[in-house]
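Read through the structure below, which is laid out as structure tokens, and then see the notes.
Read from first to last, the chains carry the letters A, B, C and D; within each, the first residue is number 1.
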Amino acid sequence: MDNRLPLVDIMEEGTHRRHDDIGSFEYTYKAEIMNIYPMTASEKLYQIQIIEPDRRNRFSFQPGQFVMLEIPGVGEAPFSISSSPIRHGFVELCIRNVGNLTGFLARMQRGAQIGIRGPFGTQFPVGEMEGSDVLLVAGGLGIVPLRSAILTVLENRSRYGSVDIVYGAKTPSELLFTYQYEMWRKFDINLSIIVETPDDEWKGPTGFLTRILEDRVAQAGANFAANTYAIVCGPPVMFKHVCGMLTKAGIPMQKMFVSLERRMHCGRGKCCRCNIGSTYTCLKGPVFDYWSIMNLKEAI
Amino acid sequence: MTQERTYLGVPLHKPKVAFFELSSCEGCQLQIVNNEATLLDFLSLVEIVNFREAMTERSNDYEIAFVEGSVTRADEITRLTEIRRNAAVLVALGSCACFGGVNQLKNRFHDIAWVKKEVYGKHPVETEAEAKPLEAFVRVDLKIFGCPIKKEEVEKIVTNVALGRPVQHPKFPVCMECKANENICLFDLGEPCLGPVTRAGCDSWCPNSRMGCWGCRGPADDANVEQLRNIAKKHGISAEAMLDRLECFGGFASHVDEIRGKAKAKKTASAAKGGVNPPSSPLGKGRRR
Amino acid sequence: MKVSCNVNVHHLTRVEGHGNIQIRIRNGKVETAQWEVVETPRFFEAMLVGKNWDNAPWICGRICGICSIGHTLASIRGIENAFGIVPSEQTRKLRILLKHMETLQSHVLHLYFLAAPDFLNLGSVIPLVEANPGVVKMAAGLKLLANDACDVIGGRRLHPTRTVVGGFTMLPEKGQLEAIKKRLEAAMADLVKTADIFRTFKIPAFVRETEFVSLGSAKEYPFIGGDLVSTDGVRKPEHEYRKMTNEYCVEQSTSKWSRLSRKSFAVGALARLNNNFAMLHPEARKLSESFGLEPVNHNPYMNNIAQLVECVHVTLDSIAIIDELLGSKWDEPRQPVTPKSGVGVGAVEVPRGILYHCYEFDAKGKIVKSDCIIPTSQNHANIQHDIEELARVSGDSGKKDEEIELLASMLVRAYDPCISCSVH
Amino acid sequence: MIFKVFGKKELPRLFDVIAVNRVVGPVQKGTDKNGSPLHTFGEVRDFAELSLDYKTTILSAKRFVLPFHETLCTFRVTENGWEKDVDFNVRGPTVFFGLHACDINAFNRLDKVLMESVYPTPYYASKRKNMFIIGTNCEPQPYCFCRSMGTDTALHGFDLFLTDIGDRYFAEVQSATAYNFLLQIKTADPKEKDHQRYMDVVAEKNKKFTAHVDNTDLTKILDMEFQSQAWKEWGDKCLSCGTCANVCPTCYCYGVEETVDMNATGARKIKSLHSCNLIDFAEVAGGHNFRPERHSRLKYRYYHKHRGFVEAFEESLCVGCGRCGEACLADITVPEVIASVRGEGH
């Protein structure tokens, strides 16, 4: 009798019926850097296209979602998609050079081949928001994921009520997407920009972002709260202040959304690095409503 | 191999590197030569322009200087300063360069005259009062820990340098690697080990051989040395045995100072200077030489 | 006829540590012929004072990166002698095996990477990588084998981790030893090739009579412990090593010097071979004879060939030791240690010659005093006198400065000096 | 379920029947300073190498499904592009001979997150699907609290479970393969007295537990006591060395590192198990660390195992094997930590 146990191949067996299951875990789409636009001293906007046409066409995402970008041998890290979901065929990532992967990426040229996994994560509720007023608050790099939502709102401008964007940065030279502000404003968007430290040319307001926000909250009065969705993106310290303030102003917690940043390795709820308790930022997030956040210890 | 190599379109930088040694056993440099299996790949990543232990040619045109050893004599300060001037990147190679290494063990006497006499009798020798790490004199851009350095680590670092990637050391302690290697914990064997407080990266080299860690790579980030000493005590390991290890390579110098300071405070004023007192009358009267 | 010359080598390359050569001849008269050691002292003997016995092997191994295994073993032997511990037969064999592998590693390093470039008119082995990759690969392979064996037995090729007073913390797996044995057998062919390569090199004809000191044994080619002997007929027990070394301080060197029956003596492969020629493995002896190397040979450049001969000896002896180990069951790796007061000396033949560690302990096993005498420091005086002699004969020979510089550099390198070690 | 009994002498024969496959089981690794044996799971070729009377292994069997270091993929890199080669690193089926109930349950719990939730991990799944597990009964040790965690018996997740009932083994047979193996040795159907003996053995075992964890309302209590001083005290002792996670059969957190080969034409992506106790575990870009203090990281390990996982999967991620407490040099044990957080006698 042959007592040798058979080798089970999970690709054929039930667990991973679809090749794409594994695909989403370890399958990386080969992608090419189509264009690189320097934005500030440390951020560049990368236009990236999946090489295989079939996969490229099937790739779709929602604002707020992210992809894992891989440079073989260098590393892999999560980046929010910054472009509009309506624009098929490519994604735009705005990436700050902070270390290993991002540093190497900054030296890569047009045409270089990288890898993309995803899209992963939850999204901003742009659909649910239709018919309501929208308040978008971004601090620093927080504008990057927010831009995808902004573009979605612009492309369907008539479906939304009033749209406010409050954007704060440390200095004027760190402002991102400056070339688009004009265009955004044309779509009847109330865009307020504030910097902490002005330079000689800066004419706008200075101080923390909460300053403008306070004004806007006061301006809007009771009417502001009931019918408003808010999305807040930025550094962890900002969440506490801004979300606390907006809650006080009456915006319901379940209508306020934030995008959290954690270290991620898998994007698939397996590596635990993004865990808050047992809540995976990559699966249940990165976009959470504020009520969920309140229930997570050490989330912000 | 004149044509420039690239990695995914990013040019591979082939830096001119030089090796120097101050007071040391030259073992760390030897570890580089010990790269037998990968020596050729190694040589294709860097251009060695100065390596006294292995080659005659020398040049002052280099970008990366690997400096082994600690500073123990005035002329070494001059040499080191000059190397610093020439090099864009100065790498401290090994524990001597990073922390003073075993050489700094003489510092604990705080009495260089006695130290000199112990070894050379009346014969005059020139030396600094204390053996010090490079950092005491010049800016150090990168540290490669270990006594000796681990060649795999050097290879990884050199590859990263060629790729222009930042070099990151593990922040966690040796126990992580030790467990992954499925070793029996030295404390279960009743032996001292500094693994819980020492920076990993050596792949628990010593515990793999059932030799407790001596802390040659210095403290891990947020090392809980105080607690480890309590633990050792509970395991019946003498405070002295732990201290021997903590002070062996100099990485834990500040912890040792603190421990000795406390011990001294307890003992009141009997010890005039901090640290260990040299024996008042060396046994066997007079020098034998 | 050359009457003047000026050779000044600052920090001689392809040796371990820092040393300078100065030769100045004016109008046929040797004004200076000097071998200076400028290495910084590290004061190991002082460092150890007050430390517990178990620190010594760990710290003293750090005297030298090239022969850290030898230092560790000498230190261990010194301590064991002081405490009255006799290593088990298994420990003894494993230590010799480990020692052999260090010898092989070090000799191959010296022969190919440090010495050979001189004979080929190169600055280093690096140009050979392109010119003759096969040979470089072979040399690297030999070194790798020896280093891997050190890892397997001592835990680490440099600053070993398994060697302790009383034995070993851990034993190699038999399968690992078998694998090493296979590689050693295969390495013999490479050593034969190495011999062929060295046969093509012109060893400078230079002779200066001197005394040769090493361990001496009538049983085996000695490496660890035993009597100390010299070609001038001196014989002392291990613990009377100071009568053999007679260290003293000199101006031109931070290392101490030594003397015995004459103004200087030599230690190292050539000394070992001169004293124990009959104990060499027959194959090694044959090889030695084929190079015309028989006792007592007084050409210091022949030390290279003596190293080559020893490579063959240790390889063959290692195979035999592994066979013995494989044929017996493993005993306990380590015996218990009870410290006691006393003095102990450990004499070990490391690649560059005889090495002594001596410790004095108090009743608790604390080190009261220590003394390490390094082979290269015993050689310094001899190197000095060789340089003087070389200057004298070269001054008359009409050689160019560069030629003299090369000959002098080669001469010092032939001793494979371990300078930082000699100063320690 | 099908039950069988067989004489003790049959066990080596069963081993031989199965040993045409790769077998992993408890083996002695060495002895501690008091001469007590220390065990680990290792590959076994001969029945005599097995130590089936082991207490607990120093490391769990986790590494056979979650290796400490695993190459996830390699890359062949050309001038301007790359090819990725993925290998799940399974070479063949493995028989686990002699797992205790806690370790079997540990696999079951890992399955929930790594195999049964969305996006199964193929590296884990492929190893898990190639396991044949023979469980054996155990003797509660002073540090075992599996009974509190509901893991003192294994209900599923094995092929065969053997309970020593004196002169013979009482076997629970859960797979056809196991049944086929048993056909090749001498077995019998259990009699009433075998059933009785089995129940006696189990009852006897239950009496021996000394360590307990009170899980009542634990998820809420952990939430309430988030700022408890108890955490701070344990944090002061903690070495942040990651040992608890490494010995734990259910800790699965990891990090990934990619390296380029020295010849710059190949690269690899390597996964290494980490621990939430490591200082940089929760560090993100810009250097912000969500858990910079020892106690906050230590707390998180408990928070994940005893609260988060319970919320997600209705049971704790801890199986009460006690390994972490045994291995922890600082003597941080689960029963004590939880008792102290509950305000009991700390």
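The rule is simple: a contact is a pair of C-beta atoms (placed from the backbone, for glycine too) under 8 Å apart; a residue touches a chain by one contact, two chains touch by 3 or more.
Just so it is clear, the structure is predicted and the values come from calculations on it, not from any experiment.
> Any idea whether A-D or B-D has more C-beta pairs in contact?
Counting C-beta pairs in contact, A-D comes out ahead.
> Central chain, going by Cα centroids?
Looking at where each chain's C-alpha mean falls, the closest to the middle is B.
> Mind checking the centre-to-centre distance between subunit B and subunit D? Centres are C-alpha means, answer in whole Å.
A distance of 38 Å separates the two centres.
> So what's the Cα centroid distance for subunit C and subunit D, whole Å?
Computed value for the inter-centroid distance: 51 Å.
> So, what's the distance in Å between the C-alpha centres of subunit B and subunit A?
44
> By the touch rule stated above, which residues of subunit B touch at least two different other chains?
Residues 7-9, 163.
> If a residue has to touch 2 or more other chains to count, which residues of subunit C qualify?
none
> So which bits of subunit D are touching at least two other chains?
77, 80-82, 259-261, 274, in rising order.
> Using the touch rule from the top of the page, what pairs of chains touch, sorted by label?
A-B, A-D, B-C, B-D
> Across the complex, what residues on subunit B touch subunit D?
5-9, 12, 38, 41-42, 44-45, 155-156, 158-160, 162-163, 171-173, 175-176, 179-180, 182, 184-185, 187-190, 195-197, 220-222, 224, 227-228, 231
> With touch defined as at the start, can you tell me which subunit C residues reach subunit B in the complex?
Against subunit B, the touching part of subunit C is residues 11, 13-17, 40-47, 49-52, 54-55, 58-59, 62-66, 68, 109, 113-114, 117, 123-126, 129, 133, 140-141, 143-144, 147, 155-159, 161-162, 164, 169-170, 242, 247-249, 254, 256, 360, 368-369, 371, 420-421.
> Along subunit D, where are the residues that touch subunit A in the complex?
17-18, 20-21, 72-73, 75, 77, 80-82, 84, 86, 88, 90, 92-93, 95, 113-115, 117-123, 125-126, 129-130, 132, 177, 180-181, 184, 223, 226, 252-261, 266-269, 271, 274, 276, 281-286, 288, 290-291, 296, 300, 303-304, 307-309, 311-312
> Where on subunit B is subunit C touching in the complex?
Against subunit C, the touching part of subunit B is residues 21-31, 33-34, 36-37, 39-40, 43, 48, 51-58, 72-73, 76, 101-103, 105-106, 109, 114-116, 118-121, 123, 125, 127, 131, 147-148, 205-206, 208-211, 214, 240-241, 244, 248, 276, 278-279, 282-284, 288-289.
> Which stretch or stretches of subunit D touch subunit B in the complex?
Residues in contact with subunit B: 29-30, 32-33, 38, 40, 58-59, 63, 68-69, 77, 79-82, 236-243, 246-247, 259-264, 272-275, 278-280, 294, 327, 329-330.
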